[in-house]
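The following pair of complexes shares a single chain, chain A, combined with chain B in the former and chain C in the latter.
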Partner chain A sequence: MSIAFKPEETFRGDYSYRNSDAAVLRFPFPFPEDRYMYSVNIEPHVRSGPSDVFLRPFDVDEHYIAECRDKAITLERDPGRCQVLPHMMMAQWDTLELLMENLSADYPEQFSLIKEGDDFGSRWTWINRPLGIEQSFIFGNAETLPCEPFEYITRQAQGDFAICDQRDDNLFMDAGMVTSQADWSLEFDVGMSFMEWHGPVPLAHQTGVFERALKYLLMLRLGQPVRRLNWTMSINPRLDTSPESYPEWGPDRASVTPENAGQKVHLRVELQTLWRLPRSNAILFPIRCYLASLEDLARVPKWGARLHRVLSSLPPQLVEYKGLTRYLPAALEWLAQHDDGRELPVGTEAGVSTLAPR
Partner chain B sequence: MIGETLTLKVAAASAISPSLRHLRLVAADGGKLPPAAAGAHLQLVLKGATRTHRNAYSLISRPGARDAYEIIVRRVPSSRGGSAFIHEQIKVGDVLEAGWPGNLFAPVRTARRHLMIAGGIGITPFLSYLADFAFGGADYALHLCCREDEQHVFDPWLAGKSGVSVHWDADGRRLDIPALLAAQPVGTHLYVCGPAAMNDEVLELAAAAGWPASHVHCEHFGSALSGGEAFRAFLAKSGVEVSVGEDESLLEAIERIGVKAPCLCRGGACGVCVTPLLDGEADHRDHYLSAAERETGRLILPCVSRARSGRLVLDL
Partner chain C sequence: MLHSDIKSRPTYTQLEPDLSGSQHLLIVEGDTVLPGRLDSLAGTFAPVEENLHTWLVGTQAGGLGLGKVWRLPEVADVVDAFACATRGYGIGDRLYVQGTEPFLWSVAKAAAIIGFSAEQIHLHHAGSLRRRVWCTHCHTVTENVTTSIASCAGCHRHLLVRDHFSRRLGAFMGVMVDAEAPGEVPAVEESFA
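Entry: the complex of A and B
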């Protein structure tokens, strides 16, 4: 499968990131109904779903090269975005193996993995053609890579990654590569337990969502990854919306008007998957971020109307928690023109196969 | 690396003692197996003449092995039949169905030291621990308590490993567990796997010696099994009755007869399959219902829960 990469686009400065029509149509729109509330919306991460982003366990799209470059910029400025506690080395190799095996199997034109054996001590060669990388190394020997295995492979993957160590009937965020986060800090969360890092989320604690989710994840099976979608909104197509860089993007929230909301306001959808890792018994938590402007989304009539309704009826606590307070009225005013009040079918599918011209 | 079931072929089988049989299992299609962790187990589907057994056995192969899985099975006179089946029926070349490896007994990676106490065949999970600790350079000690005549049975897997002591029931050879527990440095994690009486004794001694519960671990195979006693369920709306077998869930039985039931996680967490229970007493195994909801006896999650006794009537 060939992918038409857009290596020059940017996620900062001039924000030249754009979605092709195909990228809009495959956007993982997260709202099956006109109202949104937290739930344990976890389902098996199978190779199918309402969007093409579900066809492969680790989705690679047209933004791959540009996203890897943006990640490198963020890491250069703040190396603390990648942190791994010392007891996580086995999980680091698990992650490298999982990503290399899946990417090379699903995208053979872009990635190759040549192994002389499967065990620790075997020589492996990894070829990443989009990024122009060829690396031979000894699986299990971190000295043979330019950096530790988790950082090495997650620098070459879209999205963020956390690894949760499982012990004492709990999960602990003991490793992470976090450069495209929705305003949370790995520096702050690293080492925290499941309830601790979810502490700030409003409303969901009272309904017991996190107790159930934790119990479920503790039983997560090898070979049976699960997924869920989460969402928020961002001004401009910016990946690095971290607390550490807040001064660079926070003020943009004040720049939204009903006239420019269509271009400036982006729906930010996270495809979160959870994988039991084979050797370490830890859980890998990839968080793959997809961005689409309101203008992009409104080109799919069902999505424009539904987004208007979801945002109109969002509980005030969620508006505040997701940081929408300042610009939500402008976004709603812009979206209203795309909502004629007709009944919308349940489900997240686009319902169209081509988009109206821009 | 996505999948649920494996088709395995018996590549080698040998008696390593009169009551212990060692099996080497490979992928039937000649491909690679999923890697597994220290402490992992394999659930084998053993199709006997009268019934199918699903028994879980610790993997003793090195963690991450993809060429073969190895297990050691003790013949248990009072077993449900699975171990007898493995000892009497299975031969090289046989094909077996298995689930992907699961793990309810992984080593704790933050431990400063690992202290393992094994009773006989209970050594099996620790054989994979040893290979794992060799990779990570962890500090550990393994104490094997066994019959005198079995003291060398596990030598092939212990050769070259330091930190292993063998004990049996003779003067000067018995393991002094209280003394052992008292001598451990702070930050040690204790793992025990053996006969139930031995497990209980070690757990009690550890508690008495002031070990925090979070640092004491015991292998419980039972919780890996989702089945249980067979029972019957009547689906009131559909007007059909279904027999739920020992090895299937209520949800699977409902699906088998073609009745549509909503579900999502199939693990008792999401609550999507919650169904009104009109009659009968449920054995609740989910993580979803509150204690109060369980008390009322009006709801059930058929993906994991079963009948405590008799027949269930579901509003489905």
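Entry: the complex of A and C
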């Protein structure tokens, strides 16, 4: 499968990131109904679903090269975005293996992995053609890689990654590569337990969502990954919306008007998957971020109308927590023209196979 | 006693000796001891007094009935004492700490490094509610914050003190309050005195 990468696009400065028509049609739209509330929306991460992003366990799309470059820029400015507590070395190798095996199997034109043996001590060669990398190393020997294995492989993958260590019937976020986060700080949260790092989320604690989710995840089995979608909104197609860099992107929230909302306001959807790791028994938690402007989304009539309804009926605590307060009225005013009030079918499918011209 | 619905902040309890332990170490931040309180601590720990060591930090107050008493000038000395501990602490040891929140977590962190597990450590919050605030932007720690918005000791931004607590840092998160509209700083309230 060939992918038409767009290596020059940017996620900062002039924000030249754009979605092709195909990328809009495969967008993982997260709202099956006209209203949204937190739930334990976890399902098996199988190779099918309402969007093509579910077809492969680790989705690679047209933004791959540009996203890896943006990640490198963020890490250069703030190396603390990658943190691994010392007891997590086994989980680092588990992660490298999982990513290399899946990427090379699902995208053989782009990635190859040549192994002389399966376990520690064997010689592996990794080829990443889009990024022009060829690396031979000894699996299990970190000295033979240019940096530690977790950082090495997650620099070559879209999205963020956390690793949760499992002990005392709890999960602890003991490693992370976090450069495209929706306003949470790895430096602050590293080492926290499941309930602690979810502490600031409103409303969901009271309904027991986190207790049920934790119970479920502690039972997660090898080879049976699960997934859920989460969402928020961002002004401009910016990956690095960390609290660290909030002084840089915060002012953008005050720049939204009903005229420019279609281009400026982006729906930010996270495909979160969870994987039991084989040697460490830790859980790998990739958070893959997809961005689409309101204008992109409104080209799918069902999505434009549904987004208008979801955002109009959002509980005020969620509006506040997701940071939408300042620009939500302008976004709603822009979206209103795409909602004629007709009944919409349940489900997230686009329902069209081509888009209206821009 | 400090009650809150902040999920990331621990619940603190009254101290009482854990009789399953064989050695007991009580560390008390001096200025949190109200007049007469040391006596009541002595009463509480009487059942284990023979195996009790007490470190009184920053106070000349008496320590009668608190086992072997050692006096230390400040919390940094507690951290140093742990770091240099030649006596091995083991599963029979119990640690009790009383003080302000930054004090509790400075001590708990140092103890964890030398092998105390969470079950061996008992924390009792006493004294001021002032907070240690960690700046998300420059990562500087500002001590003794009593207000809802505080000026960062490092980058001088006005930080909103969020109700999100990190045990590793012993600190609350501080986030620039006027990032979206520079200069629009809400009224500062005295919140954690």
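The definition used in the following text is that the second predicted complex is superposed on the first by the 358 of 358 C-alpha atoms of A that agree within 3 Å, B and C clash if a C-alpha of one lies under 4 Å from a C-alpha of the other, contacts with A are read in each partner's own complex, and residues count from 1 in each chain.
Heads up, the rule we're going with is that a contact is a pair of C-beta atoms (placed from the backbone, for glycine too) under 8 Å apart; a residue touches a chain by one contact, two chains touch by 3 or more.
Since this is a predicted model, take the numbers as computed values, not measurements.
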The chain contacting more residues of chain A, comparing chain B with chain C, is B
Between chain B (first) and chain C (second), which, if any, makes contact with A:Arg212: first, second, both or neither? first
- Go through the superposed model and pick first if A:Arg228 touches only chain B, second if only chain C, both, or neither. neither
Exercise for review: Considering only touches as defined above, state whether A:Arg18 meets chain B (first), chain C (second), both or neither.
Suggested key: neither
- prompt: For A:Lys322, is the partner it touches chain B (first), chain C (second), both, or none of the two (neither)?
  reply: neither
When the two structures are overlaid on chain A, which partner does A:Asp118 contact: first (chain B), second (chain C), both, or neither?
first
Note to self: On the A-aligned overlay, A:Arg56 touches which partner chain: chain B = first, chain C = second, or both, or neither?
What the structure shows: neither
Ask   = Who does A:Gly140 touch here: chain B (first), chain C (second), both, or neither?
value = first
Check: Regarding the shared-chain residue A:Arg69, is it in contact with chain B (first), chain C (second), both, or neither?
Finding: neither
Chain A residues contacting chain B in one complex and chain C in the other none
The chain B residues in contact with chain A across the complex are 1-4, 32, 34-40, 62-67, 100-103, 106, 108-110, 132, 135-136, 214, 264-271, 287-288, 290
Chain C partner, complex, touching residues on chain A are 80, 185, 187-192, 195-200, 205, 243-247, 250-251, 253-254, 326
Note: in the complex, chain A contacts chain B through residues 39-47, 57, 87-90, 97-98, 101-102, 118-120, 140, 165-168, 208, 211-213, 215-216, 219, 221-226, 276-282
Seen from chain C, its contact residues with chain A in the complex are 6-9, 134, 136-137, 139, 157, 162-169, 173, 175-176, 179-182
